[in-house]
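Shared between the two complexes below is subunit A, which has subunit B as its partner in the first and subunit C in the second.
Up next, the complex of A and B:
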C-alpha cells in the first residue's frame, strides 16, 4: 500500500476545495427536500401576493407593489431563517450534525457553502414571486444594479441568523419553536409586506433596530423607484446584524467538545 | 378470588366509560392544553391584528367583518390542526393502540375526545372575539344563539379533525393536510373576507368546504345584517359533522 500523500490542510486553495465539496455534500443531502422546498416557497410567495390582495376591495397600486416586492423578500429569507434551523435541529437529533463537523473541512467553508445553497433555493423563488406579482397586478419593476448587492447581503444575513439560532442554541426543540415563532412574526408582524407606518409606534421603533424591515428596504430599493427613500441606514443596520450573527455563528462553531 | 363479572354494555356502562375516558383524556392532554389555547389566541386574535396591519387603516365595516370572523378563526386550529397532530403522535407512540384496547365502547372514547376539545376551545374563542372587538372598537350584536352555534361549530371541527386523522393511516399525510389547512385558512378563505371577492371557482370550493360555513353561521349570531340567513350554513356544518362521525365509526368499528 502506498502512503497517502500528505495533504496541506490550509490555504485558500484548500478552503475553496472544501467549500465546493461541502456544497456538493449539502446539495446531495437535501436532494429529496429540494423540490418540496421550491414548491412551498413559490406557494408562499404566490399566496401572499394573491391572498392578501383579497382583503382589499380594489388593490391600490402602491399596495400591490409593496406586496409583490415584500413577497420576494420573504422568499429570500424564509429558507435561511425558518427552514434551516429546523433542518439542523433534525440533524442534531439524528447525529448527522456531529458527523458533518468531524469532516476535515474548515468550518467557515461549510458556512459559506450553506449561504450558496440558500441562494440556489431562494433566488428562483424570488423571481417566481415577482412574476406572480406582475401577472396578477400588471406591475412593472424598475430593476437597478443595487438589487444584486441587496440580495447578496439579505441572503447572507438571513442565512447567518438561522445558523446562529441553530448552532448557538443547544436544545433542538427550542430551536424548532423559535423557528416557528420567527415564521409567524416575519409573515404577520414585520413591515416587509406593508409600509412601516401601518405598525403601532413602539413596534415600528423596534423594527428599525431589527434586521427584517431593513431587508425589505434594500431589496425594494433595487426593484422599484420612488417607494424607498433613505437606504444608507438600512445597509448599515443590515451590515451590523450580519457581523453580529456571523460572530455568534463563528463562536458556536469554533468550540471543541 | 374470582373476578366479579361486569356487564359491559347498556347505557350506564357507556356513560361510565365515557366519564372514565374523559378523565383519562384530560389527564394526558393537560400539558397540551396550553399550546391549544395559545394557538387559538394566535389564529383568532393574532390573525385579525395581522390582517389589520396589512390593510393599513381599518374602517368600522371592515372592523366588524374581521371581528365577526374571529370566533370561527379561533375554533379552527383545535379541530383541524391540534387533534390530527395529537392523533398522529399517538399513532407513532403506540398510545393509539393502547387506548383502543381499553374495554370501554369505542364510541364513548370518541365522544370523550369531542367533548374535551369542544369544551376547551369555546372559552378561548370567546376571549379572542372580545379582544378583537376591543381592538377594532366594534360593538357586536350577540344573540343567545351563539351558544348552540358555537358548540355545533366546535363539535364539527373536532369531529372532522378526528375523522380525518383516524381515516388516514399515514401520519405524514395528516401533517401535510393540517399544513395546507393553516395556509388555506390564513390566506384563502372567506372568513375575514367576503366570499364575493373570491374568484368563482374558489367560492364554489368554499361553499362545499366547512370553513366558510363555520364563519357564516357564527357571524350570523354575533352581528346584524352581514349574513342573511344561516340555514344553508347550519345544514352544511351538520352535514360535515355527520360525515365525520360516519368516517370515524367505519374506521373504529373494524377489528384488526
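Up next, the complex of A and C:
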C-alpha cells in the first residue's frame, strides 16, 4: 500500500539525501550535453594557454606560468558564471524549469548539488589547461594543499553568482545576454591572464574590491611558489564575496513573483 | 494534525502591478480522497492558481492551507506535501523512463524498493512498458506525458496537482490514465485536476469548479451543474465540409460551430421540430448526419463561459 506523507521532512539527513538525489538528477539531466560541454571547456582552456602565448616569439617561463594558471582560473569562473546560467536559462525558455523548481528539495541542497556539477565540468578543464601549459612551455607546478580550498572557494563563489543570475532574473534571454557580457568582461578586462599592475590605476583599484582578481591569486597560490603575494587579503575578500553572493542567491531563491 | 483538507480562501493574484487580475477571490476546498476538476478556457487563471499552491507564485491576498500547514508561508512544505505535474514539458530528454521515475521518487523521499514496485505497477497499468529503457528525447509527446504522470505520483503527495495531464495522450491510454487518477483518490490524496477537456473531466471528477476571467463562477458535482439544463436536449449537426452555417431556428440556444460540427441546445418539447429541421438540412445537402441527446457538461460549460472546450475542437 502506498503511503502518503505523514509530515514534512527536515534535518541534516533529509538535506544530505536531497543533495545527493538532486546531484544525480542534475548530472543525468546534462548527460546528453556533458561530453560536448567538457570538450568545449577543455578546448577553451587549452586555447587560452597556447593561444595567448603565440603573441610572443618566445614566452619567458614566469609569463608561461602566469598564462597557464590564468587559463585554469578562467575555466573555473566561466563554468560557474557563463555556462551554468545559460543551461538554466535554456530550461526556463523551454518551460521545463517549472518541474525542476517544484521538486521537494531544500533550495540550499539544490545549490550545493549545482556547485558540485559545476566542479565536475570545470575541474577537468582546469587540469587540461595546466597539462597543456606543462607540455607547451615545459612548466612544472608546485602544487600545495591550499589548491583544494582555493578551487572550492572560487567554484562556490562563481557558481553562486551564476545561480543568482539565472534564477533571479525572470527573463531567460536577459540572463543569456548578461552571461555573454560576463564572459567578455572576464576574458578582456579582468587581471587574471595578466598582472593587475598592467591595468589603469582606477581599474586596478576596482578589481581589488571585486572577487575575480582574488580568484586568480588564491588558485595561483595553490599551484605555484612565490608567484603571488598577499594571500590572506585575497582569501578574505573572496570569502566575503562568497558570503555576500550566497545571501543574494538565497534572496533570489526565496523571491516569488 | 487534524486532517488533510486542502483549503484555498479568497485567493487574489494580479500581474503587471495590479493591471491584470489573474485570480479574483478564488476559494476552493478539497477533501482527502476527492478528485476535483478546475475547468476554464485558456487564460482563465487556472495555472496561476495552482502555481500558488506549489509556492511558485505568491498570492496578493488570501490563504492556502493543507491541514495545519500554511502553504503560502511555507513553500518548502508545499513542495513536499504536493505533487505537481506542470502543463509544460517534462525535462527528461536525457533520462530513461525508469530512471526518471525512480529518481523523482527518491527526491520525493520514497523508499527505493517501494518506488520500484509502484513504478512497475503504474508502468503496467498505463501500458508504457515498451518504453522502459528508452531515453526521454526519443519518446512521443503522449508517452512523455504519461511518464511525467508516473514521475510525480510514484510517491504521491497529500495533494496531487495535474495540469492538463491528458495532453497528447492517445484515447486508450487516456482512459487508463483516468483510472490511475481515481486510484490516487482511493489512496487518500486530494487530486486537483486542471483541464479544459470538459467531457473527460466529467467522468473523472467528484466535483468541479468552472473558472473564467480569474473568478470561480460555478462549483458542484457534474450532475448538480447540469441541473439548470434539465428539460433540454443537445442537438448536434455534422455539416457537409465546405458548407456555410445554415440559418438556425429560434429554438436552438447556445449554437457553436467548431470545424463542421454544429452544436446547440433545444427545449425537450421541441424535439420533433428539431428532428424535422435536421432532416431537412440533410435533404438539402447541408448536413451529413445529426444526433439528439442529453445535454453534457460541455453545454453547461459553454453556457457559463461562452467558450467551447478544446476537446470539441479536436473532435471536429
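Definition applied: the second predicted complex is superposed on the first by the 247 of 257 C-alpha atoms of A that agree within 3 Å, B and C clash if a C-alpha of one lies under 4 Å from a C-alpha of the other, contacts with A are read in each partner's own complex, and residues count from 1 in each chain.
Going forward, a contact is a pair of C-beta atoms (placed from the backbone, for glycine too) under 8 Å apart; a residue touches a chain by one contact, two chains touch by 3 or more.
Treat the numbers as computed from the prediction; the structure is a model and nothing was measured.
> Touching A:29, do we find subunit B (first), subunit C (second), both, or neither?
second
> Given the superposition on chain A, which partner contacts more residues in subunit A: subunit B or subunit C?
Per-residue touch count on subunit A favours C.
> Between subunit B and subunit C, whom does A:91 touch in the aligned arrangement: first, second, both, or neither?
It touches subunit C, and subunit B stays clear.
> Tell me which partner A:56 touches in the superposition: subunit B (first), subunit C (second), both or neither.
first
> Identify the overlap between the subunit B-contacting and the subunit C-contacting residues of subunit A.
Comparing the two interfaces on subunit A, one with subunit B and one with subunit C, no residues are shared.
> For a test of understanding, state which residues of subunit A touch subunit C in their complex under the given definition.
Subunit A reaches subunit C through residues 1-2, 4-5, 7-9, 14, 17-18, 21-22, 24-25, 28-33, 91, 94-107, 256-257.
> In the complex of these two chains, what residues of subunit C are touching subunit A?
Contacts found on subunit C: 1, 4, 51, 54-58, 69, 75-77, 79-81, 84-86, 88-91, 93-95, 99, 103-104, 106-109, 114, 118, 137, 148, 155-158, 187-189.
> Contact residues on subunit A for subunit B in the complex?
Per the stated touch rule, the residues are 43, 47-48, 51-52, 54-57, 63, 184, 187-189, 193-195, 197-199.
> Report the residues of subunit B in contact with subunit A in the complex, numbered from low to high.
That would be residues 42, 46-47, 49-51, 53-56, 183, 186-188, 192-193, 197-198 of subunit B.
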